[in-house]
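Input: one structure, supplied below.
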């Protein structure tokens, strides 16, 4: 059985706004709040293309998953990894932004089957949003970090199971598994466990391991891919991932970023130097 | 009699620092204070090349005349006229700067002859510095503005005579002449007045009129030219002005910015679209 | 704002180019706004649609057969521009005429079809098939022959550097396109671009589009390897503007042909610089990718601009302005 | 910082180029650091002189006779680079050998003399006169033939686009320069730069310098006129880097010749990108204008860099790295 295709995304808006807050939530992650011209509904897994208005040093917007919204205020989590995210951090509260939002196909809406949420790195925000939106006891939530400081513990309710690549400090009262997040999932759901629908978001190795796990068990699996983007709205064909079906490519921004794992050609995925 | 060549300029330093203050002193002029790594002595008429450290949108530094120094703090006056000066204003207090200073040949040092100071627009700072440094009663100080709001009255002691191109509000207790600054000087020093040495700084029409006045009277005249600069230290030949002597060019940054008016070829000066 | 007095023509008006009249002079560039289908549903407070006021959308280049394009990464941002190596991924002419042209026509999107091939005869075939299938299309204004793609193994750019080939490709397409504007899109990776423009005119082009991307490259310092799998790609964006302007100026000064200017344009001021050197229209590429309303905003700014202060401009008159 | 493991050679070491060994691989570019005389008195806390650690200063191009250069404005900053139209203002060869060479020699500044002329025979004459006058100069390492100046009425760039002329100019100079490194500086305003490099090699060059400026232009929106009196000028600076890197890569990949890379380099990271594609040295131009310590800072950063973590790099080996 394959997953029903997610509904076509609602139309996106180009909105102006300002940075309303920008605070660290872990050693490497910051929570950014944008105050926009209008309120925008979104589905977990969708993203925005964010531009620093008037910043001549950046040519393209940067894609960030949507975490939460309250009225016209939109939140996301980000890590400083390069030029754009460094300028975002340096821009500071009050800086003007332009934002194309919401973009892309979200994670499929819930059905009675339990979910296995697998989040790694900056793949956490969309699954946090998912867990927040559809807070269901039957879903198993797993988040992986590099080390203890890396994870935004304050945003992870105790329902989240946590794995750490490297041993590290864990806040009082919390548990952490030594290993990656898919190894954690395997330990929690050994062979023979009831079927789960996998929702994975994070770097390519995580997605690959999630797809392998799902394939072994015959489970459905949705992965959200991270690809370099130009436009974010489907016009440049810059953000492609290899499609299983025909040797061609699908766009991460419009056909994705969430794909049924069976729809991707994992052998060709990540061939180039990638992101 | 021609003017003795000014002494060769002292060697310049490339200093790092920050913007320590940036306050408006008139409707169009701001006073900028830089806190630098080292104290730098300078002569009135010399300038600095100022860069906003790390600002990728500006390729070259911007030349600004030096107004005053107190310890490691250097002051200048600037008008926002384009990209660079707008970014300078927006950079704000605390922004890092890199500065090559002091540059260029200064106005010649005083001798017993009285001076006629003719300042227009952003030509004011070096002559303010001159008047401040050698505060001599025999020198006649004239400053021209577009209108009453344009001039930094707070920096102009009552010894300064003021002309305004357009009629405008004049602060209580001050006088202003309607016309340009050379017309003001002509009204103060009618034909037959005692000889003055002219020091002029401002836009090309002002320098031209000053040179004409001096030539008519047989007075010495030094003009400080405003030319587009690349390097500011003599290596690119980008900032040239036409030399009288041989049909060639002199550099504004190293041979100038202060020139004996007789040394320039006024017919060729400003031929291109200029600054 | 007011239009500058030096303009040699009113850029707010329609543009006649060969047999067609375009509704405006602000276009989107090929490859940067898809096939003119995506983006129609986007909204922005204070704006109409991303298509409002556009003189034309130049659609993504199509080839005789569909192409899968190059493997990713296909895009790389540099400090002042962008590198791309899309590799002409496209749906092929058949799907273009069957699935795309009818929608553009139904939506009333003025468009120019961008075509690429590897031989003059193929350009002729493409033009013939398109002309036959889209004969009744009122919004199909023209064809732009992409003689300059740097990202295909068949060597689009090499081919487009040879004036003889340029002339033959244009002539082959012209034959089948008596009723549409025909443009040749030229590469800046050449000595004299004016020579290519003159060749295009000999082949019967109504004008030329300049410029396609410069050849550019970046290296990933972590690996020491080129960031693009095919090493070098197309360099576009703001950094290109002075080069594009110089190339347009070169063509206008040396040939007097109508030129559609493209390269680094983001704002109305940028567009006015191209009009100043004699371009008859402009295209917006990379800026349209980072903001779907970029071209519409320039068009809106232009439409709203007041009449010039003085009608006798100081500027030079443009040989091709109308 | 640590040097990356993928480097095919140690860029901290000296560079052998033809008959000479250069003390380093970070040079300044012609026209952007004068004749290597100005700037010697500049100081900066934490730095030696602007000349510290430089492999060579390439002096401003000199011609057989002195030239007054173009009228101002000669420089224009664009959003991402600079336009110049200096017009090869220079003191002429006679004053260069009489007044400049002796000072450079006395100060121990390693230098490469940049020469331009309009015919092969003139290049030969320049080389002969220089070789005769500076025969005893220990710090004179080489000659760079400027076959690519875009700013002279005689058409430096047209001339330098013709492989036959390139070969003849190089051969004419080579004859008189058996003991100095001979480089040909090439224009990027051409289809295949590798073809020019190959021609230079046939003429006897020890390597090539790439690139000179792109042709660029800007318009003053107040007047609608070009900002430079000669309309188009040379475009340099950060925006150029991806183009320069692609051109160096093209030459290295297609000819394997030693290439001195130039174009948009500001930082050590920028320089490493050129080493990654196989450049044997780099030059810093526009950045040296905005900061007299730019090249010295890159050289100092390189000298202070630690050994690579891994000796077996992932990167490609460079045909010309030594």
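Each chain carries a letter (A, B, C and D) given by its place in the written order, and its residues are counted from 1.
Note that in this section a contact is a pair of C-beta atoms (placed from the backbone, for glycine too) under 8 Å apart; a residue touches a chain by one contact, two chains touch by 3 or more.
If you're wondering where the values come from, they're calculated on a predicted model, not measured in any experiment.
Undergrad: Going by the stated contact rule, which chains contact subunit C and subunit D alike?
TA: none
Undergrad: Taking each chain's centre as the mean of its C-alpha atoms, which one ends up farthest from the centre of subunit C?
TA: B
Undergrad: I'd like the Å distance between the centres of subunit A and subunit D, where a centre is the mean of that chain's Cα atoms.
TA: 47
Undergrad: Measure off the straight-line distance from the CA centroid of subunit A to the CA centroid of subunit C, and report it in whole Å.
TA: 35
Undergrad: Would you mind pulling out the distance in Å between where the CA atoms of subunit A average out and where those of subunit B do?
TA: Those two chain centres are 57 Å apart.
Undergrad: Which residues of subunit C are in contact with two or more other chains?
TA: 78-81, 223, 225, 238
Undergrad: Subunit A: which residues touch two or more other chains?
TA: Residue numbers touching two or more other chains: 56-57.
Undergrad: Taking the touch definition from the header, please name the shape of the chain graph: line, ring, star, complete or other.
TA: The chain contacts form a single closed ring, each chain touching exactly two others.
Undergrad: Could you please write down every pair of chains that are in touch?
TA: Once each pair is checked, the touching ones are A-B, A-C, B-D, C-D.
Undergrad: Using the touch definition from the top, list the residues of subunit D that touch subunit B in their complex.
TA: 31-34, 38-39, 41-45, 47, 60, 68-69, 71-82, 84, 86, 89, 220, 223, 225, 227-229, 237-238, 286, 288-293
Undergrad: List the residues on subunit D that touch subunit C in their complex, please.
TA: For this pair, the touching residues of subunit D are 4, 6-7, 78-81, 83, 158, 161, 189-191, 214-219, 221-226, 231-232, 235, 238-243, 245-247, 249-250, 253, 269, 272-273, 276-277, 313-316.
Undergrad: Give the list of subunit A residues in touch with subunit C in this complex.
TA: 11-16, 37-38, 49, 51, 56-61, 83-84, 98, 100, 227-231, 233-242, 247-249, 254, 268, 271-275
Undergrad: Which subunit B residues qualify as touching subunit A in the complex?
TA: Counting only subunit B, the residues touching subunit A are 56-57.
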